[in-house]
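Take a look at the structures below.
Here subunit A shows up in two complexes: once beside subunit B, once beside subunit C.
And then the complex of A and B:
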């Protein structure tokens, strides 16, 4: 029992790596053109030269903005111990100025072992922050403000940003304000007087290029030789993996993965799924593992929802679609039922259900969001009278019916005739 | 502390003794006479680096002392003689003070064993407590004295009773508690022993927080403000004194007023004009517009009350003069920055503030600063009639002024190529005339140059960068970073499907002539594009996800993805930008024909 299979150990190691952004992004930390070095330069210049800075990290989600920032902060904390104090805010939590300022004061108090009072007012807190900035500047301490989801801080009067950035330009302290946002126009959202105080350092984070992708694949998946794993196994594993990586089929898989989304995050999730599918008996990552991972990551939720529908629900969907083709202004449960009845009358189908059964099926469709209510008004009305719209397109419906196990032929006909 | 060698006598000066910790230096705060006729003084000690917890650090100078917060009452008899303890700036200039000259840059907290720089004398207008102490410091002859070894004094402060329960740091009832805890355990070495390069020096002078020695280009406006305030203060009868200053951000409005106030304070100190009180308020830093009453009241009287009570007392204060005490009689200059934030629905706050100066003998002078030119016109007539009389406009700087501002800051630092500065100032003058922006561009350019130089130096066998200047290219790069939106780069590096998605958006837009489309229509277009060009159509759900991701970056404007095929989509950038970005993409050459 005590001796673990080396393959299992390897799996654990690989999973740990994939979940650790520090490990993944270290390969880019050495080149001088990387965002890591640029950001580190900006932030360390604030520490060593005692100046205030503000910067904005922009880029689509999943491109490693926070990961790189965390890495830089970690390195700085190591390089200059006891002189850096990090304040983290998130736009989703602290977009309201009052609460954001309170949170800053709270974190400042914790970092410096001061007593924090919840009762302090906005004025108290803002004076406290300014005083802290000045004192920390005198003690050669740097305060780093990280504002995640920066765009959300720009709602309202932008009091928080104004007071922070105004302090940057008037108090001789050393502080860095780093905004992180996935909105590319985040700096345009700032009010004029706030924008004038912001120092417009922008770092753009982009999805990886092909070469970078290859580098990451090898970096993340190859086993290290100096780990506790048996060296024979490591050598065999690495050889097999390199073979797989250079395989044409594997390249196709990666291409299809990056076809829709080429960010780091997406790739790492895919690799994690693949590693989880690894067969611990044989102990190697095979091409099949990657294939199953790809299919598990590229799901089509609406189509799958169609697969789970009952025949009656499909009938209702087809009826709604037919009504849509007839360009009726509003459709609701009753009009769908009318259509259903007329279909039944003209074709004499075997599936005819009572009104209340149909209503339940209809409600089920609403819950699965295959159809939706047009508006949120009229809560007092019962569901059958409220107007609804179909949320899936006719193509999807077609496709769904085709792949349905036992779809009555009449449904295809009804849909085609409707179209 | 090694004890002095016993029995051996060596002739040492007082300085040597002090540095061997046989003598101590102290700063005398107060002197009094006891009943028995002896004189005592209260002082705080200076200590030498060896006596701190961190010990002597490599960057410590020979004659360096630390000021401590260790107070002691000592009999006057023990004083030997006078010595000089100076700040670095004075220390550099010290000439004829003799042997007993010491340097003191830091304050040492004996309880927390932490260091803190002693704040400069200039920023003593922050709060009054500080100012008095600094004023004492300021007096050129430091009443410091060498005091004989009195060891028992050292244990005194440690036994001081601590407060019954800890006080919160951020709820300010007069002061902030616990700030003494903040301090470096050791003075970081890079601060003291780092020699600045020219570019780094330039970087430091270009900082927005650095107060320039002189303010060029605003002499006319400053004169106008000075005459306005002087006129208001010196006349006995000052009625309806109100000045509205407007101008776009970064044109030196606040800075000029503050500079004027500094100059006037010097004149008050010199006695040429009557004393007055100065209250500075920033509209954006108030929790609510009504709060301004409490802030004014606190600034005038030192008491904190609710805004309603404050309003009442202020009303009384400014309308009845006769009951005023002598001390309240000083004229009051009220500076309100970001005035537009005080506009409430019924505009009562602004009305009250603007009404006070019109009261006879209120002795209130209000200076309002805001960005918009037509703020008075947008207000109720009874307010605009009070506000709109005297105005001062700060126009945007032109390129010559910007250049002058940068050059005065860089005076004596040789780090920039001359055309680089001109380029930066011309560029900013063409866009906004914002001085902050110009300074930031130059600072960023200097930073880029510095980064480049350090990169060069890190490669061992490259040619040594003897003298590097900030070049035109650096300024260009800084401007690019500042003004260019990054969407084109993001579009270029996005996934294949997003590119097809964007191309389909453009194509759909051209076809229908409408900028807005729904996901349903777009998906059909995308599938057409895909099938006719041999791409795999990925399915609707995938496409929806791609659309939402583009929406997240605001390349598209879109409704939430729950609406699925009913989702409305629109390009957030002109379609030409998309065409430009995707025209020559390598992996999808066929996109060009749809753009």
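And then the complex of A and C:
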């Protein structure tokens, strides 16, 4: 299929690139003061000089911590084959000590072609790991422990971290522990006994600067000339793309994208959406593609939910808002119904429905998460008595009512008079 | 969408059958239970002939832009993708759109809903079962292939299973290129679809199952795997301490009135007649709700009423006829707007179809009086208990002595009633408080005391004799058969008429709360001929 249409082929290529962080972050491997070189220096020194090391990679989610680390490990594996053994743990999966040790033992067994016993106890596993550390140290083999979501390992007694770092205090072992976390205070979460054994090397990963952004854009989107694509098409595509990238409107789009979230991941997601919207007939990325991608990435769920509400649900929301203005201590369904009734009594609206219908609408609002129950404890009470609060601001409610297609005028009036 | 195509079929079952086996063929095989062909890799995709894009769009009215966006995000064959997060209100066609799209694309996928897979373990095992082409049946005692409870085990198994699937899909491609086979799954990508993700938020507050699922793409690091999440809660309602990698959002808005019309018109026999019916009812109902499932149940009964005067249902209505039908229907619209759209029990509705008809006609001019009888069976003892609980929840405990003294409260009418300004205000405040607080709690002893009082009083009342067996039973309760009463109480608790709530920190005993509304309590009291209103303390 792709063979006939170069545009489709190009699209697959671009998608593959964007989904592959290894490709995206290769551009940072060359500059000398990048995190890549620093990390590589730390880790290779441990391999060559047979010493123990530990480091923390900190930074917001989606700034390429793991991607850079993977690249470093890949390079090291190429440079020093057979002397490195990588153990990867994830705090989301292995935050429990028992489970983590088991996983370490399992991965060590796989690496060294040993038979892993599922039945091994915690004690067996920890002895095995320590023995392996010593053996590897004697054989001058470095074990690299990668602990993703490092902050989750600090829950509980931190036995795993302690035993790992404690084993690394001896001269015989040769290991590197790299923690990756999006909490900048991750090292403060460590216990004293663990912290004292930890080398306080921290690498900070930040969202990209303007120049980095431009570099990434070109790096990710420009088509290579030496791929199987027809060179004519590639040249035309690249020329058009460079035109778009230098466009002022495009810069505005990127700026508004970075206002909400300026991390690499967000950018990549945006580019992915843009590539998905690429017109395969013409085969070029146009400014419109980026525009639609921006609007599909940046959503306003609360306003969307307001547009989905029925008129009755809007009435209840407005009533709740009026109660909020009155500053009562608690509001619940029954007090909202009282307000609803008084509104009906004074204005004779056409939308006056029975109690149970309103309760149903109220439950819909709960489901849409426009309102929420204040506490989750009082499960013994039925819904109509449990206190609720609005999850949207009055500004959002105003805006939502304004853009609602056939909003009754009375609702605007009620809302304004309340405020 | 299944619920759109035929609103009558309950949608849970259709989704459940889809979830266990995406392939209708194998579903049939499962029903027969006699031909147990082992599942093949091709069973991960829809086996029968694929539907064209036009059919896809026309089968899901109002979802054209969503379909095209999803198709774009899924991309051409064998192209990797970012995780996609599909969200939108209930009953907006998220699940069916995704399933139909995979039917159209004929790509292999695995579907798991957090409704049927109600715990992490079941979710993991069901996903693995499907990937490992394992069918739970008698011979393996309905067990799963792998037992895994922890996400860590799941990831290991999943990686292994996915690698196998992807490998065999690649092998498949080599073979299928040599001889064209239409029933085979296309491509070497596998898609994992998680439905009703919003339920996973409630599973376990401490567990990090949601961040895990959202990060699954990064954990697996397999470009051949695509993740699709379906949820009826918007992405901003998924909180987590340290955040997660956000998926690409796709939004399904609620249907507009026109789209609703198109959906409801599907599968109708007499289109002209139904459209004239919809013209009358759709607009007022849309002001209350725009959910397809609720509307279709409400309309099914209304349409029956609409068609009542017609002998021939195949008729094309003229303007005159429409007007006549409208005047026939009009008195019913108001009351049915004020009813919650309940799904009627099929059996009883069939049995009482005729009586319903008469009742419907008897109900004049839309004043829907609540039927005086309660529509479920309950022993007299349980009814009394229900009333007692209601009284105990409503009345302040300090009044019990004066209400239930030996004279039985009947001549308690002479309670002081002065209506000064102050007391009126007080009364209003108390009412307000009751609205906010809801029914109060009470200890078991108080309930039993009230029960004793009421039963002894109702025995003294002369009209209670008319009830025959009720009176006899009443004697036996007072004779101290407390265990029966406790049994009834526990069954009332189970039926959620009375709820147990946290024990009192001082006394330590359990406290109870009545969950029935006043209207309901009055109804029950009426069935016992018990003067409930007399005992209710108001303000």
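Criterion: the second predicted complex is superposed on the first by the 415 of 419 C-alpha atoms of A that agree within 3 Å, B and C clash if a C-alpha of one lies under 4 Å from a C-alpha of the other, contacts with A are read in each partner's own complex, and residues count from 1 in each chain.
Just so we're on the same page, a residue touches a chain if its C-beta (ideal position, glycine included) is under 8 Å from a C-beta of that chain, and two chains touch if they have at least 3 such contacts.
Nothing here was measured: the structure is a model prediction, and the numbers come from that model.
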| item | value |
| --- | --- |
| Partner chain(s) touched by A:49 [first = subunit B, second = subunit C, both, neither] | first |
| Which superposed partner A:385 touches (first subunit B, second subunit C, both, neither) | second |
| Touched partner set for A:310, first subunit B, second subunit C, both or neither | second |
| First, second, both or neither for A:206, with subunit B first and subunit C second | first |
| Partner chain in contact with A:356 - subunit B first, subunit C second, else both or neither | second |
| First (subunit B), second (subunit C), both or neither touched by A:299 | both |
| Partner chain in contact with A:12 - subunit B first, subunit C second, else both or neither | second |
| Partner chain(s) touched by A:169 [first = subunit B, second = subunit C, both, neither] | first |
| Partner chain in contact with A:92 - subunit B first, subunit C second, else both or neither | second |
| Partner contacting more residues of subunit A (subunit B vs subunit C) | B |
| Contacts on subunit A seen with subunit B and repeated with subunit C across the two complexes | 61, 182-183, 299, 301-302, 369 |
| Touching residues (chain side subunit C, partner subunit A) in the complex | 69, 72-73, 75-82, 87-90, 150-152, 155-156, 208, 211-212, 215, 218-219, 223, 232-237, 242-246, 248-251, 253-254, 286-291, 294, 337-341, 432, 435-439, 499-502, 513, 515 |
| Residues on subunit B engaged by subunit A in the complex (per definition of touch) | 114-119, 123, 126, 166-172, 176-179, 181-188, 190-191, 194, 196, 200, 203-204, 207-210, 248-250, 282, 284-287, 291, 295, 338, 341, 371, 432, 434, 436-437, 440, 443-444, 447, 450-451, 454-455, 481-482, 485-487, 489-490, 493-497, 520, 523-524, 527, 536, 538-542, 545-546, 549, 552-555, 562-566, 572 |
| In the complex, subunit A residues that touch subunit C | 1-2, 8, 11-12, 15-16, 18-20, 61-62, 66, 90, 92-95, 99, 103, 106, 149, 151-152, 182-183, 265-266, 268-269, 272-273, 276-277, 296-297, 299, 301-302, 304-305, 307-308, 310-312, 330, 332, 334-335, 338, 351, 353-354, 356-357, 359-361, 364, 367-369, 380-382, 384-385, 387 |
| Subunit A - residues contacting subunit B, complex | 32, 38, 41-42, 45, 48-52, 58-61, 80, 82-83, 98, 105, 109, 112-117, 119-128, 131-132, 134-136, 138-141, 157, 159, 162-163, 166, 168-173, 182-185, 188, 192-193, 195-197, 199-202, 204, 206-207, 209, 256, 258-262, 298-303, 369, 372, 389-393, 395-396 |
